[in-house]
């Protein structure tokens, strides 16, 4: 589904991602691990168009996407969350979800003033779907509150729900379990597992190896911006190159 | 006395669309447009020139709005690529360059002498020449404009504006073409400013480049900073306060030697209020972060 | 040809003054990360303080008046920082910009209340210009060049050889790094204000000596300074210095082609073009501001 070929990105004189290649084939969930500063988040920013690569190519469903702007990449079917989750703090939880749809009639100036019925209908249809996701995350009761009121963990859930509203075929999760308590971690894992069964595909950055092992079918290990090893999670865990990257010699 | 109150009301009706436009840009979308006055000026000049050359008021009104919109589209295309203070500063630069054009292209604008004798408006044959007529005529436009702004801020479109204000990166991560929406916001704000500009030209009947300085943008900024927190209603209310204060001072029976000091002292007061509000509201500001966290 | 050379000289003189403004502004932007609109009012205050001391009843010499002006402007800058900018240390840069806009409005109009809106000049006697080949320089202009160069040289010594100067450079280069290295940031910020205000005061006095004084003189000089800052790359002291001279030259040479009324628009055009095409500056490297 996603194929990254020889991707490179430099900041100043430093390679953040260097000649990086990976692909998701038909695995349901692929993990990306590596020590801090190994270029994982930069890789996500490159895939989603926040950065433009210096060289290399990114294919999604067979199409080259590395030159597209973020919103077009998202429309092509890649959703993502952020490492430090980013929600729209002044919007209600419900609006945080409602906004994440394609072709909303009420976002066009002319339709907004001429086709009130259509605008309202579209919002109503989406609202019931949004509530389904909010309830899945256990946030249904807070639907009308501004998202700025949420705790750190709840923001992660909201961000995931928002990403689901996009109906993406591939979801990039940047450390979904970082900094949250074990109960919430289990909740996120179970949500992702049920989504996998529904056919969603995932690319996951995570430091917590338990999460990687319980979710991922394949793991890539990044160090200094390049892939140094890859394999099934159980095996990659004891790979000497991986241990060296993490713990030194 | 009634005339005096009517005058204040009319000035408010001129400034309300101007301030609402900036509210839409800064307060709703997080576009810190420090060159807002440029569009007020462009439309004031356009309408003044068209009507003094015999074009009827309503035609000149729409042509002036269209021209201001065209300018916003044109400068927006490059400048909207900038963010935050850089955007604001580039717009400020644009506004000052426009003012230099008003000042120097005398063949068109009569330069520093300004354009006198701008005709009063007329609405399909009904002349608008008395204060009550001005108040009603402008008032109707202002109500329509306020309704439109209200409708937009509560719509899915307004939701995208708010999302961009909160976090533009997230907005693009949910598939929004943020450039296009920022441009929509700039265009809407510009049309509102332009409406105010036309009203200004035809009420005062004389315009000159000194009407369109940074101070006018700061006036709108002050209104937005005072009232914007309570949305559109707050902005309208704040306009009445600020304009009532400003126009009220002008009519105090003061000796000539002191009267000279009124304008600068009032500006000093505005500056002070701006600083105090910023200090007090530091935590609850419209616009939070604007950079992509690294990692 | 002589017109061109004369413009070149006038541009150099104006540019050396702008350089003083720009260096101060870039130091503030480099350490506090906002565009200080009130920098223009520090310039204006410098000019008016010197005027105050030069005129009756005090009648001090231009040099002593200039010295007093520096002291006054430094106090003013520290007062601004203490009362407004310091409570906003961690605020969004736009908030700081709006606050500085308010301060700028306040002081501009305070000056108008005190001294009136009329244009004033320093009470220097009219002196015959000295001919140097095809160009003419007045004694005042010669002094301006000497004092501006002296101020830059002192700044160089300060930044290069004193502890405070080195600390300023390290904060300006990389605030995060400086914090981890344990430089006391607040103390450095105070030094930055002192340096920036002194340069603004000296520049303001020189500017008033070269042209004249009026309460709104700060704004256009802020714009020139900011154009110079962008030319040099934000936070880059020597870049700003060269940027200031470039702005002075381009204004004075620009009016050979453009109508004189557009002279003040040149700096704005430079700003817009730089922001659009080279936000990291032409002379320096990018300093990680945005």
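Here the chain labels run A, B and C in written order, and each chain numbers its own residues starting at 1.
By definition in this document, a residue touches a chain if its C-beta (ideal position, glycine included) is under 8 Å from a C-beta of that chain, and two chains touch if they have at least 3 such contacts.
Every value quoted in this text rests on a predicted model; they were computed, and no experiment measured them.
Asker: Which chain has the mean of its C-alpha atoms lying nearest to the mean of all protein C-alpha atoms shown?
Answerer: If one averages C-alpha positions chain by chain, the most central is B.
Asker: Please name the chain that ends up farthest from chain A once chain centres are defined by their CA atoms averaged.
Answerer: C
Asker: If you average the CA atoms of chain A and of chain B, how many Å lie between those two points?
Answerer: About 41 Å separates the centre of chain A from that of chain B.
Asker: On a C-alpha centroid basis, what's the spacing between chain B and chain C, in Å?
Answerer: A distance of 31 Å separates the two centres.
Asker: Using Cα averages as centroids, what's the distance between chain A and chain C in whole Å?
Answerer: 47
Asker: Provide the list of chain B residues touching at least two other chains, using ranges where the numbers run on.
Answerer: 288, in rising order.
Asker: In their shared complex, at which residues does chain C touch chain B?
Answerer: The contact residues of chain C facing chain B are 34-35, 84, 87-88, 91-95, 97-99, 101-110, 112-113, 116-117, 215, 219, 223, 226, 259, 261-262, 264-265, 268-269, 271-272, 275-276, 279, 290.
Asker: Which residues of chain A touch chain B in the complex?
Answerer: So the residues of chain A in touch with chain B come to 40-42, 45, 48-50, 69-71, 74-75, 79-80, 82-84, 86-91, 95, 98-100, 102, 104-109, 112-113, 119, 123, 162-163, 165-166, 174.
Asker: What residues on chain B touch chain C, complex-wise?
Answerer: 32, 78-79, 81-86, 88-90, 93-94, 96-97, 100, 103-104, 214-215, 218, 221, 225, 260-261, 264-265, 267-268, 270-275, 278-279, 282, 285, 287-288, 290-291
Asker: Considering only the defined contacts, which chain B positions touch chain A in the complex?
Answerer: Counting only chain B, the residues touching chain A are 148, 151-152, 155-157, 159-160, 162-163, 165-167, 169-178, 181, 184, 188, 288, 292-295.
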